[in-house]
Structure formats: C-alpha cells, structure tokens
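For reference, the structures are reproduced in the following blocks.
Both complexes below contain chain A, partnered by chain B and then by chain C.
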Partner chain A sequence: MLRDRSKRRSLDPVAGNEFLHRRSFLRGGLAAAVTGYSVVKTAAAEPLTDDPWSLVPGAVTRPYEQRSRFEDQVARTLSNPKGEARVQNARTPLHLLNGTITPNGQHFVVAQSGAPDIDPERHRLLIHGLVKKPLIFTLDALARYPMVSRMSFIECGGNSAPLFSPQPIQANVQGLHGLVSCSEWTGVLLSTLLDETGVDRQAKWLIAEGADAPTLTRSVPLSKGLDDAMIALYQNGERLMPANGYPMRLLLPGWEGNMNIKWLRRIKLTDAPGMTFPESKTYAQILPNGKAYQFYFVEEVKSFITQPSPGTKMSGLGQYEISGIAYSGDGRIARVMVSADGGKTWAPARLQQPVMSKAFTRFSMPWRWDGRPAVLQSRAWDDAGNAQPTRAEFVAQRGELKTIPPLAAFPNQHFNGITSWAIDEKGEVKHVYA
Partner chain B sequence: MCTHELPLSTLVLALVLCLPAAYAAGPNLGQPVNSADIAAWDTSVMPDGTGLPAGSGTSVQGALVYAAKCAACHGANGQGGISSALLGGGPITSINAAEKTVGNFWPYATTLFDYIRRAMPWQEPKSLTSDEVYALTAYVLVLNQLIGENDVMSATTLPKVRMPNRDGFIIRFPNKL
Partner chain C sequence: MLRDRSKRRSLDPVAGNEFLHRRSFLRGGLAAAVTGYSVVKTAAAEPLTDDPWSLVPGAVTRPYEQRSRFEDQVARTLSNPKGEARVQNARTPLHLLNGTITPNGQHFVVAQSGAPDIDPERHRLLIHGLVKKPLIFTLDALARYPMVSRMSFIECGGNSAPLFSPQPIQANVQGLHGLVSCSEWTGVLLSTLLDETGVDRQAKWLIAEGADAPTLTRSVPLSKGLDDAMIALYQNGERLMPANGYPMRLLLPGWEGNMNIKWLRRIKLTDAPGMTFPESKTYAQILPNGKAYQFYFVEEVKSFITQPSPGTKMSGLGQYEISGIAYSGDGRIARVMVSADGGKTWAPARLQQPVMSKAFTRFSMPWRWDGRPAVLQSRAWDDAGNAQPTRAEFVAQRGELKTIPPLAAFPNQHFNGITSWAIDEKGEVKHVYA
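Moving on, here comes the complex of A and B:
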C-alpha cells in the first residue's frame, strides 16, 4: 500500500470527520493518533515456524469445490428453516461479502412454497395468447438460440422494509437489506423467442407463470418483455440454483424480484394485466392517504454501507475503508456520496469499474476514525437523474409505521431511503435514523 | 445462396446482406401447439372473467370444502392462523400491509378464483374441481359480506361482483406500462 514511505505527509480531510483525500491516501501513511485512543497495536511478531498444514499433503481436490470450513458462518439467514406451510426467505450476508457478484449459494431467496425439484428433460416453456403462433420450447431447444450475458441485481420489493419502523431496528445489513443479490445471468432474450411466435397488435401485457406448487403468476408490460427481458438459464456461469429458478427463470433487469418468475413454464400475451394475487395484494403498497400503489415495478436507486456496519466493531483508531453497494433499476449508478457526520458534509466515493446498468456498483472511501462518535451514510444517484432520498424525505411521502414491526416482516415495500450507521466512542456500530 | 463463382466484392456484399437476415430468422426450434393442449396449463382468469371455466358454487357448499381443506391454516371462520386472514372489511388506518384483506383491498373478485384454483390448498394445489373453487370463492366473498349467502358464483356472476377497493389503486409509473 505505501510504496514511498519517504514521502509521508499529512492527510487531507475532504469532508467532516476525516475522510481522506484519495491521493493522500495512496501516497501517504497514517498520521499520528489523536485523543487518547491508541492506534491498534501491531502484535509483536512471533517466531516464524512451519504450521501443521505445511508439513503434510493437503486434501484431495473435489469435483465441485467447497469453501474453507472456516467460512461456514458466512451464510444466509432463513425465515422458515423447517419449511412450514408459508413463505421461505433466505437473506444474503452482504456485510460479509465483497465485490459485486453474489456467490450462487448466497443468493437471496423468497419462495412462496419451496423450490420444486424440476427434471430439466421434462420442463417446457409455453408462449401463447396474443401471438401469431403459440410455441413450446424445451431446454435443449433454447440451448441452440443466441445467448446474451449481463450483470443484473435482483431485489425483493420488500427488501429494506424494517426501515419503515418508527424506531431504528437494531439488525445487521443482512437483516435490513439482505433481500438483494447480483449475478451474471446468461440466457435467451425473450424478444428473440417472440420474433418466432409473432406478436398480435392487441398484445400489451404478458402473464408469466412458474412451475412451482402455487404456479405463481405476475403481469408484465409487453414493452419490458421486448426490451431487456431474458429467459435466464445460467447464473454466474453455471445452471441456475434450484431455489433461484432452475432450469429457467424470467429476468427483468431492475424490476421487482417477485416479477422475475422462477421455474418459468408459461408466458401468455394479453391485452390487460391479470390482476394476479401478488399484484392484487402483496405487491401493492399502501400509502398514507389510504390509496395504494400498484405495478410499482422499478427497484429505485439505493445504496448502503456494508463495511463498517452493525455487528462489526471498530478495531481501534486509524484508517478504514468505508465500502458499500449501490444500484438502480433505472440505469447506471452515476455518483455515490458518503458522509461521516450524519449528512452535514459529503464527499464523493470511488466507484469500482466498470459501472454497469441495473447491477451492483461497489463504492469505497478511505476514512480515518479519530475515536469520536460518527454517523456514516451513503447516497446514490443514477444516470436517469434519480437521487436516493433521505429517510426523512422518503417517509414524508410514503409514510411510517405506528409501531415497530418484527425484523422479518414486510409491512410495506420499496424503501430506498438513506441508511445511517452510528459509531460511538467504544467503536460499536448501530443503526440510527439521522 | 453464396456461390463460388462470384467476385469477392459481391460475396462480401452478399454476406453483409444475408447474415443479419439469417439471425433474425432464428433457429425456429419451438414446437407448434394446439389450443386444446394449451388449455391444460392456461388457467389464467382475467378481471373481466375471461378464462373462467364452466361450473358454479355457493357459500353453503364452500363452507364444507373450507372446513375440510382450508380451516387448518386460515382458521375455523377465516380469521387467520398460520396463513393470512380471509376477512376483514374495515377501513385501512395505517400503511401496514397486515391490514390488507380480500374485503378492504383486493380490486377484483376474479383473483380469488384464479389464485385458489392454482395455489390452494397449500399441500395439494390444483386438486379442487371448478365447482369447489366457485364454492370457496363464494364462501370467502360471503365472509366479507360482498355477496348474499345464497348467491351462486359462476363465470357469469363472479366478474360482476364489485369489490369495495376497486378504485383504490394508483399506477406507480404510468410511463412504464
């Protein structure tokens, strides 16, 4: 990190509470500690010896690799581990991951009735309704079509719902924001298949249906189907995970997770929406005036800091890298600003390149913690001109609950306001409203 | 189409013209399917009643099916249990989704038929006859005092049931439709 220690110089704070100017961070070392808190001590070096694993042959290589046994705690949290007769949710441990790709075993899941055990040889995709020629596609047939790959996040419409609470719920990133993940998806564009079925002029919507027990259905505007909708067959290079839709799912980049129908078996073109159960109840959001939004679709611009975040403790004074995730269902992330003083001052974060449309963008910011209380926030803008609202701005429009809900409940949806982490003098990180 | 005797420039021109057309045509590997075969899967019911099958049922008939196949999860009288409540017509007083019920929220009665037929009962979806689904739909509508106890639900009558919250929705992004 410090290539030229001879040029050590003082760091330039660029915003309140000691953000460090990137050039200084790269060039210079750490300034002397302040205010009574000692810099984390470098352990006195123990004598170097050969550890046991350096003295015996290692494990046999497996056909499908497993991660280190020391990483077992990096796992999804389950809402319904016994598979009772209700929805099952698995939340992604975003605070323990890095980069922008969610490993397949860590991708979030919302399954209304578990994951079906689908034989890919028997699975069929039927496209019918207001088409010229209804067609059935097998997996083997789809394998011969031109494929495209793209990075895309998928986010449950109910992600971040705990932030509708009137008081900040103490939970980690996984509990508050764990229903969003990002993968490289590979498959056949729906428009390619609709070229072959033909589309009747009256067609305005499509109804997509899964092959799971409830054959879950959602209505999607045909314009989205002809734009960037994909029949996804691969997730990060391998076939979809069973709970993520094996052997095929509808991918609607940037749109509400529930609409990205898993285990896709049927697409019916229609002239109107079906008013299916999810869009008539669960995914219609009550507003303070008693009306409700319907057909919200877009997962709007959002960001949150994953490091540091609740559950982690600061390990002493000095230099840290604030890091987090930003994304927008409307396009590319244009800018992320970070504050360490509860929004009084802001500085631009570095965006990991390349920045891709409707995909996770990793942002980072070097920061020196001086031992004083701090409130960390991130705020994102997308290239469609949308700004992530503050929480106060958000709840002024969308409302706030009267009582604190259970952490795993979905009292309302599509929260995309700013999240705030407070760091106290002891280095504890808490969720606050600021 | 591309022969061996043409000059190179003609060949290049032909390739430029042919290739995009060849891609646009696609592999054409979809299998044609007739409407009778589609019907087995096409259980979508539209708000105007399109897709509703023949058959009918009343709330009295539905109560019997309900007790046998639904009460264990939704409560003896639809008040809810491990699954959500099926009744409650009170005005919505907060933004909490827990207040949403068939009576005070769902915009169309046809959704009941579509959803019960495809997804219920939980352990045995798609096992109910059309008459049973009509009967259960009637039962839930009576619980919510939206039809009379003796009203018969069918492809003719169900789409005419006016749900109280029909006009309670705002399209979030009209430009996306």
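Moving on, here comes the complex of A and C:
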C-alpha cells in the first residue's frame, strides 16, 4: 500500500534562489523545515480535547448557504462604495482565493451606473439590423436552444493599469490585478441565434447594447460573433449575478471586459463599427508613436503570483509554495516560468490540469525561503506562441505615465507585463520593478 | 465571414420519437418550430422602448455579491428547516441550475446537527495512530504545502433512494436526486501530509473524525488516503461553506458522501476499520440474498435528465434541448444515450467537454416534441466499462421496498438505476417506471 521511498532522489535546487524539484515535498523536504514552527506541532503529548463548537448543536441549514462569519474580510474592494454618479469598480481578492474558479460573490465588477433590477420575465433580447428576419427572444425561448458551457476569464481592459506608473505603486494583487475573474459560463452560442435570424452579406460588425441606464454599447466584429461568442445565462451553475449582467450578458471569451455587454438587450448587425464612446475615447489610447491604439480586443497572455504577494505574511523560514494565475485571450497557457531572483534564473512551474483555452490556469512551484531578500516573478507563454513581455519591454512599446495618479485613475489599458514581488529579510512582500 | 449553408444535410431523426441530429439547430430546424410561439417574436414592427430599469441608476455594488431578488425561488429544499434534533437535508435544485458546477450557495447538505461555528485560527487537524510522527496542522501550516485543484462531485449514499419505492414517487429531480453536487475543490493531498507523518507498515485503514457535535466518524482504506484523498480548503475558489465543512473537510473523490468528513479534526491510522455507527448500521444494508452490503464506497455510474423534468414546463410543441447530468465514482463518463420512447430506441447525447474524472458531465440532445406522449430516459457508461443499470435490474439485485414511506425515510442506499420522465399530451412531466 505504501510507495517505495528508497528511490527518491536528493533534494536538488532546479534554479537559483532555492527553487525545489516539484516532488520535493514528497521526499520529506518539508517535514524538517516546517515542523520547527509553532504552527505545526508534534502531537504525541497532546491530550484530545473538544473545542467549544464541538459541544453544541450547529447552525440550521438555510435554503441558500452563506459564508462563515470568519470570512467577512475576504471581500471585493470598492472604488465607489456610496454609488456616486461615476463608475463603480469591485476588485476580486485574488490573494485570498485559490483554484481557478472565482466564486460568484467575488467576481470583479465595473459598472457605469450600478446593477439594474431587471425582471427576467419582462426582459427581451432583440437581434436586428442586417439580418434576414429580426427576432425577439425571451428567457423561456432561449431555454429551448442548445446550450454550451465553457470556463472563461473576463478581464477589464484597465486591469493592471497601475503598472503604467513610473514608480511601483504599493498595492496588493487585488489592487493591481483584481479586475479579472474566471467562471464557468453556460448559455446559447450567438451563432445559433444568428442562424435563426439569418445574416445579410453586407454585415461585418455587430453592435451590442446593455439595458443599464447608461446603455453601454460596443462594436464587435461579426467574425467573433460567429466564432465563440455566447449569450451567457448561467455563471458557475446559477443565473448570472445582478452586477454581472442578470439575466443575460454577451460573453466574448478572451476579449476586453466591457465588450462582454452585461444586461444585454440588443444586438444590431451593421456594416461598420458604431464608434461608441468606449471605443472612440476610453479604449483608443495614443501610443508613443502617435497612432491611436483602437479596436484592440484580445486580453493578451499574462500571469502573476498570488501567494506570496503583498499583504500575505511569510510565517518564517523554510518551504513555501509559490502559486499564481496565468491566462491568455489567444488560447491555452503552454508554459509558466518562475524566478526568485528577479529574472536571472527561471524554473518551470507546475500547471494545474486540465488547462483550458481562455481560462485561468493555476501554476505552482515549491520554494524554500532562506531568509535572504528575493524577487519573485512569473512569466507565461500561450499555445499561440505569445510570450508575456517584461514590464520594460511593454512600456517601451505602449507608453508610461510621467506622474503617479491615484490607483483608480490610470488612463491606459491592456497591461500584460511581468509583475515582481520583493521579499525583504523580515519577510515583508512589496511590489517592485525588476 | 459566413459559413456555407448549402452543405447542410436535411433534418433527419436519429432515433425513434423525434430525436434530431445534434447540429440540426444550426440547419434552421428551430426557426420554423419556435418562431410561431409568443415567446419569440419577429421584431420588424416593434418600436424600441426602454424598460423601467433602464431609466434609473442601478444598485450599488457591494463587497460580496448577492443574487437577484427574482431568483429567491431557486433554492435548496430543507427536510428539517427548524433544526429539530435529527438530520438536516438540503437538496440541490438541479432542474433550475445548468452547466457542471454547483454554486456554493446551492451545494447539497446532510448534517446530523447543523454546521458548527468554527474559528479557523483555533481549529487544528491531528494526524496520529500508526504513523511515525504524529502531527498537528493549523490552517496556516497547510497553506505552505503544495495544493491541487480538481472538479469532483460529492453524492450522499442515500441520494435517489426514493426509487427503491415499489411505485414511482411524484417528486421533481431535486426531491429524487438532489443530494449530489459538483465543485472545484482545492487543498492538500492527504498523501502529502502522510509523507510528513510517515506511515507504519501495519496501517491499513484511517479513521476520520469531524468536529461537529455528533463527531461523525468514518473508516477509509488507507489505499484511498494515499491515492486521491484531499484535505479540501477551498470550494469553487473560496473557503468552504460552513455546512460543507468549513474550514476543512476530507474529500474522497467519487466515494459515498458522508465518508468525506466535514469539519475534519482528526485522522487516525489503524490496522482495522472502526466499525462506527454509519458503517455498522446506516450503510450496512441487508441484501435480498441475506448478506450485509457493508463497506461499499463508490458512487457508481449514473445519469438523469434535468431539463425537461417534473416541475419544468413544456411551453408548446416543437424543438427542445434535453439536458442532464452524468457522473461516475469510477472515472470519466464515456457515453450517454438518451431515449424518448421508454428505452425502445436510443441516440447518443453530446457530452460537454472537457469530461473530467469523478465530476459532473453535462449531456444534451436536441428533441422535437410532436405533442404525443413520450418517456424520456438517459443511460450512462464510464471509461472503466460500467453501465448504468435499468431500475428493474438494479432492484432485482439490491432489493425493493414493499411500502411507500415518506420521501426522506428510505433506508436503502446507492441507487444508480435509470430514471424515466413521462410527458403526457398536455406537456406535463411525471416520474414513472418504464
């Protein structure tokens, strides 16, 4: 029943700064390192006692389960908690979550005017414009069509924008990268509905419109609409959350967050883009070469380390697991390398299987912290051949701000460079440029 | 940009009673059938008007998102809502969910005495008995070990027990099959921790104990503990829900629900099983041949149709998608066949990819309801070669009750036979034996 331990190899570092072979934990590597801590005790002399909660009946099960009161601090941070008349951001606490799915309560939100209170019985989806037969769909009608499910991340085009700052902004992974989340989305492929309406030969774009008060509107090439675009009705098994588009949103796997129109009420096929406010202004950056960076859609290959990261504590010397998230709007993650010496040496991280296209992939790597300063980095490649750039490479191409604005006020978009966390001798973790 | 429609084949049934080729929706099959309904309208003459929710600012985003008020009726049904001194069951509304993940608020629960209110800072996991070095782990200590994620269903051994009744009980899929759910679980493999403690050669079993007031205790062969058993810390990305074991539970992928000990506080390695109450009484059925059916662990291959199912409405004649869930504690789902004529003819369903071992697999099949009575069935096979039995085959081996007890009072276990839904001429869906 037990495995033969005699064949284990010795515990060799595989790169600089104390990376370990991925199976090193299974060779007794951690026992020596960790059992010296007060957090793990040898138990021989411990009497077995009941904790107070084991002595009384527990809480009655409710129709819809709620979290433990001890988890209240695991929450999204809000940019506009009073709902003043400007955008509301809610950032996902990626450093406190694990796995690859973002629970529905923690999915990031960017909303121009909060979440409309939509009655699903009365909501309609209209598809019209350059179609052969315009149609209106109710939720009941959509329920009769073939549904598909897929894991997909959604990322705000402005996620990670603080890294355009000329100096590293001291924030945690939630503040820097918290505008990305990943869910299992289920719904009807848009191509299925366009087969119902028919498509005119002149149609080249579709314009999608939400039912929120600002009527957020974006233009999408029809080719994406006929590829993997989905009318998403379920998020991780249940109906969408109100701030994520209840009762239906457009899902454009791997494409800029706000094109995934929430509270979707209308799709109009056209021969040209609508030049709506977001695509004429918000997402039309002027590059260093003077050209406008307009109609770039894909959230490109990216990764960052979530544990350890600023705000998580190093609980002493010894072995840890470095863990993080990688994703690409161009396909599957092919490889993630991690460095503990600011990019001098690299080692390949383990990728949690199955690796799915345009979805979060969790990577991990055992690491022994010897108390010396370290700089942790991760770098991802996707199966379309794209590599995550260094920050220096990225800002050389796409520009860098000259001043440090407040955290929520970065005008630039689509940052996907490498993130660096420095660990000092006290075990404090800080955001640095390296 | 548009695909060539000229190559489409005609819309041929692939089995009796109006099953359709899986791509038939993409050949214009539904347009004719559905656009006659009031739920889908041609839109040419419709003026575009704003709904009331589009005219006012929406709700302010909160730190932890809550569901729409229109979803309150999508909820678990409770067997003991007042928390009287007996077991509490909460059944998952599988007919109202979709995809493969059960959201954390809707995961089924069986709790002997509710959910203990555990302080995660004070909770400890002890591993002792036939080990070389007994150890106590805190949550912080476990956070430093390598973590893995996996999709896994958990199913109560008593799920589907109403089908032991000699007459089909009129309940919906939630009442009949709602004690099974599927999540992404993340945590530390038990084998990793047993490498830390070491294992004595005499050890053959482990006894796992929960911190709830009844101290639920189950015996598990050590081979499972060294295979894929996990100390689960996260459920769909966030910490476990209180009634699902917060802050940690034992996950035994594919094995009988209550062996997956919640609120796990102790694992003792032994040379023999503990013969605890659940394994001596609850899960030790007397078979028709007079022998006790003890220490059967695996939740065997099973499937059932969730849409349509009792309580969902048929909204008129024409095309529908039959959709359901299949899973096996022995591995991956290899195949699901569906029948609309009570098992006379069968057609292969589409399996949603990726198909993962010991996890929910969503299957689907387009079907045209012509208004005649129909009996819908699904039958699953796993990649270990097991086939889901008919109900008649199953009860011949495992027994059938002589009387019809109340829904929650079936003493027998591990039913995995075929479920049949009859649709009458009015479109009403009922549970039948066929």
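By definition in this document, the second predicted complex is superposed on the first by the 404 of 434 C-alpha atoms of A that agree within 3 Å, B and C clash if a C-alpha of one lies under 4 Å from a C-alpha of the other, contacts with A are read in each partner's own complex, and residues count from 1 in each chain.
The criterion applied here is as follows: a residue touches a chain if its C-beta (ideal position, glycine included) is under 8 Å from a C-beta of that chain, and two chains touch if they have at least 3 such contacts.
Note that the coordinates shown come from a computational prediction; the quantities given were computed from them, not determined experimentally.
Asker: By the touch definition at the top of the document, which applies to A:K344: first (chain B), second (chain C), both, or neither?
Answerer: In the superposition, A:K344 contacts neither chain B nor chain C.
Asker: Report for A:F297: first if it touches chain B alone, second if chain C alone, otherwise both or neither.
Answerer: The first partner, chain B, only.
Asker: Is A:R144 touching the first partner chain B, the second partner chain C, both, or neither of them?
Answerer: In the superposition, A:R144 contacts both chain B and chain C.
Asker: Is A:A213 touching the first partner chain B, the second partner chain C, both, or neither of them?
Answerer: Both partners, chain B and chain C.
Asker: Between chain B and chain C, whom does A:P134 touch in the aligned arrangement: first, second, both, or neither?
Answerer: both
Asker: Touch check for A:T192: first (chain B), second (chain C), both, or neither?
Answerer: both
Asker: If you stack the two complexes on chain A, which partner ends up touching A:G237: first (chain B), second (chain C), both, or neither?
Answerer: second
Asker: Where does A:S364 make contact in the superposed view: on chain B (first), on chain C (second), on both, or on neither?
Answerer: A:S364 sits against chain C, while chain B stays out of touch.
Asker: Going by the touch definition up top, name the partner, chain B or chain C, that contacts more of chain A.
Answerer: After superposing on chain A, more of chain A is contacted by C.
Asker: Output check: A:K426 vs chain B and chain C. Expected answer is one of first, second, both, neither. What do you get?
Answerer: Neither: A:K426 stays clear of chain B and chain C.
Asker: Quick check on the output: what are the common chain A residues between the chain B footprint and the chain C footprint?
Answerer: 85, 113, 126-128, 133-138, 141, 144-146, 192, 195-196, 204, 213, 215, 223, 265-266
Asker: Under the touch definition given earlier, write down the residues of chain A that touch chain B in their complex.
Answerer: 84-86, 112-113, 126-128, 133-138, 141-142, 144-146, 164, 192-193, 195-197, 204, 207, 209, 213-217, 221, 223-224, 265-266, 268, 270, 272, 274-277, 280-282, 284-288, 290-298, 398-402, 405, 409-413
Asker: Given the complex with chain A, which residues does chain B contribute to the contact?
Answerer: Result: residues 23-24, 26-33, 35, 38, 41-48, 73, 82-83, 91-92, 94-100, 105-108, 110-111, 114-115, 118-119, 122-123, 125-126, 168-173, 176-177 of chain B touch chain A.
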